[in-house]
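This is the structure, below, for whatever I ask next.
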Amino acid sequence: MSALEAVLLTVITASTPLLLAAIGELVTERSGVLNLGVEGMMVMGAVAGFAAAYTTGSAALGVVAAVGAGIAMSLLFAFLTQTLVTNQVATGLALTLFGLGLSGLIGEGFTGLPGVKLTPIHVPGLSDLPLLGPVLFGQDLLVYASLALTALVAWVLSRTRLGLVIRATGGNHHSAHALGYRVIAVRYGCIAFGGLCSGLAGGYLSLAYTPLWIENMSAGRGWIALALVVFSTWAPRRVAVGAYLFGTVWIMGLYVQGIGIGIPSQLLSSLPYLVTIAALVVISGNRLLTKVNTPACIGQTFVPDR
Amino acid sequence: MRLWLEQRPERSRAMSVISPLIAIALTVIAGAIIFAASGLDPLRALFIYFVEPVTTLWSIEELIVKTAPLVLIGVGLAVCFRANIWNIGAEGQLTVGAIAGASVPILAPHWDSFLVLPLMLLLGTLGGMAWAAVPALLRNRFGVNEILTSLMLVYVAQYLLDWLVRGPWRDPGGYNFPESIEFQAWQSLPTLGAGRVHLGALLALIAVALLFVFMARTLKGFEIRVSGEAPRAAAFGGFSRSRTVWLCFGISGGLAGLAGICEVAGPVGQLQPSISPGYGFIAIIVAFLGRLNPVVVLLAGLVLGISYLGGESAQIVLGISGKTTQVFQGMLLFFILACDTLIRYRLRFGRRPGAGTAGAEQAP
Amino acid sequence: MKKMLAMAAGLALSLAVTAVSGDDKLKVAFLYVGPIGDHGWTYTHDQGRLMLEDQLGDKVETVYVESVPEGPDAERAITRLVRDGAGLVFTTSFGYMDPTIKVAENFPDVKFEHATGYKRSDNVSTYIARFYEGRYVIGQIAAKMSKSGVAGYVASFPIPEVVRGINAFMLGAQSVNPDFKVKVVWVNSWFDPGKEKDAAEVMIGQGADIIAQHTDSTAPIQTAQEKGVLGFGQASDMIHFAPKAQLTSIIDNWGPYYVARTQAVLDGSWESSDTWDGMAEGMVVMAPFTNMPDDVAAMAADTTEKIRSGAMHPFAGPIYRQDGEMVIGEGEHLDDGVLLGMNWYVKGVDDELPQ
């Protein structure tokens, strides 16, 4: 295995959970809802995925359970913020806290057990090509799913009627309501999609990335995903770019150490966060870039009146 | 049949008192169900969890020690959130405050003067403010979302602390373990009473009182409330949004930094890689639990403090997992947030009368 | 309301009763920094606790608190354990050192045992294991088994304990192959499987074909297996996580120490002491040598035996620092004081230490 190939492979695996969670949150936010509970949904997806896969022996069932857990958590959020019009920021934070605790409780019986790994696909011929083979054709299904979902979201948002409705809901919920769109229902759907994606991201952690379960194994990746959505200025393609950029900086921090260059490892560890902040500055500073896609109603509650 | 909300003509006074009680009752019921499901006597478990921590002087003192930083940070955040400014990086501001304040005893270990402690507290506050100024600046200057920048800076602050205590600020006599020197008596906060209660508790009370007056009685406080509740009106009124951002980040960052140096110069007694068990994040819950009202924040801090101590007791006495505490806190917050809705809305079941065009709206 | 008060009073009474009825047994308490299911550091301490229950269960009762953060909470948790009647308390993380000393001052009749620290008092003992003995053995195995002559070392934090491990590993490897190289990546965490995995994978990509770790999760050894290279377990036997990759594992075996110290309290013979046990006392145990040819296994077993009997010291001279300066000459070995505060690398380690 060449060094380049190793780096590319690790970048892909490090970026995939970020991309999965971010693309879901992007849809949620485009409908005008800010869900800060990504971390909580993700970690619940991770524990549910691991538990189901370990109990049944099937990684596929694990993925299903991860998705289910993510959706269940997001529906809890949707019920609170949409039906009971609670504050979205506070509810999202509570969701994270709740998810971290509950996943720890559920996972108590599953720590330190060898997990079931989602096996990478193997395309005869293609997967055996040097360099390109393993990188492009030897990943597991969730890696392709993350890219396919990104393309799907990009297409739906920009080219379909559903996308138009979602964007209208996020842009101005009063007008959307006046036009006869069911704002709350649309948001329920978008929140659930966010939960699905976060669950998938969590499942990726405990089934593909490191097939094991430990408490807090999402280790802050949900927050990075949230940052990536802003980084992307709510454009699906740029989410993918951002996720891979972050993954690259993350891996390079380890790579540089492996070569033996004496930079404090703490600096290297904080580099991804600093780079994200810098990127946010560059992007937010450009009003043109942000204006186009920014959901104007983000974070505001909506109650249809008589 | 479905559930929907009907807006009340005005906020219900009765409900603003009753709703937290309903929330606590719901949490207790849900907790009892969880305990019963894990095979414990639910009453005994609830007693250990919520009552036992306030039955002895020692644990009451410990409760104060645990609550002080939560309240100190929580009141600052309450002001911030009132203005719709989302500083969720208080943990980082706490860390930098602790570093800045601790620089005095670490860089001048032999300087024994009555000035040392006040200087440490001042530097701690300024350190927290400085760290909070970064997201404020980025927001005002470049329009960067402050939720994310303040959060990212938490990690950076923690790595900075880590680097310092493993590198330049390591105790030379400490066998290269990651700790600074231990602070001497004149570099530590005086304790009140027999236990570990320190000056920080008093500072928290003062902060509560000052911010209560500030928010309720001063023009600036009014400005902050208006700019949160009705941003457009605030703009028409000539209130500067960017000044409000600076002010709110300054207050919340400064108080977080003060909490940081109080922890380090109080119960911890030195700099070490981990100085806070997530106070900056828990304080966000405290702020909301306290409905962003400084006095209620104080009560909310006590409630969360009890849930921590109770969680520990429950582990020791009942042998249940520490994760239960987190689940409890999450649930409590859900219930409180949901019940707060009752203040502004009535719950209705059944079909909604014909939908019209207007929509009610609350800023987050 | 009245009813509730009565209920509360009743409960308080029943609690008091249970507290009294438990009094005839010695209560032994454990404070853990991680969750007991981490399969690393905390897990092995809890295994020790279970062994204690198993052997002295009729005379002692054990309690534990897990995931107690180092910092202001530790002192309260220790006090809480003591107030609950603990007569002997094991605090199992370095960051509990000062809290343990402080609480011990307030409770002179209670015995305390702090792992990995250096501060003692009349009722505070310290204990730590000579894990570096095991690391010397795995260094030798690494040098024998590696084809590329490069090992990757996933390290947690640059504290003396970890640096000592890296040096012992290097010295062991150099005794077999003087040109052996070790790459070190600090992940700044004891427990972040994702990052540990990435670190291992990056070093494998850079040519390492042996993975050693001083972090707690099973991710590095699992990664080694996945990538078809070899590696070593940490803290407990991780063979069922990587049956094809684990060469051996350095096992922390705290149980015998916990039993002995508890017995000493029961006998009234407990005294404050500084314990640094290794292979000789059975605190450090090697897992079976697997996935290697017989001659390598024989060499490893032989080295283990020599260290156990005291015929060989992993830090025997001559030892040179990275810059070539000789630290100790032929015929001598480094003393425990130097080992305790070690913050420099031996020659050949491909990394720089944060100073």
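Letters A, B and C mark the chains as written, and numbering starts fresh at 1 in each.
Following the convention adopted for this analysis, a contact is a pair of C-beta atoms (placed from the backbone, for glycine too) under 8 Å apart; a residue touches a chain by one contact, two chains touch by 3 or more.
What you are looking at is a predicted structure, and each value in this text was computed from that prediction instead of being measured.
Touching chain B and chain C together: A. Across the assembly, the mean Cα position most removed from that of chain A is the one of C. No other two chains have as many C-beta pairs in contact as A-B.
Chain A and chain C have CA centres that are 35 Å apart. For the pair chain A and chain B, the distance between C-alpha centroids works out to 27 Å. Multi-chain contact residues, meaning those touching two or more other chains, occur in chain A at positions 104, 108, 215, 264, 266, 269. Shared contact sites, meaning residues of chain C that touch two or more other chains, fall at 67, 158, 188, 354.
Multi-chain contact residues, meaning those touching two or more other chains, occur in chain B at positions 159, 162-163, 166-167, 321.
Of all residues in chain A, only 1-3, 5-7, 9-10, 13-14, 104, 107-108, 110-112, 114, 117, 205, 209-212, 214-215, 217, 219, 221, 250-251, 254-255, 257-262, 264-266, 269 touch chain C in the complex they form.
Considering their complex, residues 3-5, 7, 81, 86, 88, 138, 142-145, 147-149, 151-153, 155-156, 159-160, 162-163, 166-167, 281, 284-285, 288, 321, 323-331, 333-334, 337-338, 340-341, 345, 352-364 of chain B touch chain A.
Those residues of chain C that touch chain A in the shared complex are 35, 37-39, 43, 67, 152, 158, 183-188, 191-199, 201-207, 217-219, 222, 226-227, 240-241, 350-352, 354.
Taken in their complex, chain B has these residues touching chain C: 43-44, 47-48, 51-52, 55, 58, 62, 65-66, 159, 162-163, 166-167, 175-178, 182, 196, 263, 266-270, 272-277, 309, 312-313, 315-317, 319, 321-322.
By the touch rule above, chain A contacts chain B in their complex via residues 34, 36, 76, 80, 83-91, 93-95, 97-102, 104-105, 108, 173-174, 177-178, 183, 215, 220, 223, 226-227, 230, 264, 266-267, 269-270, 273-274, 276-277, 280-281, 284-285, 287, 290, 299-306.
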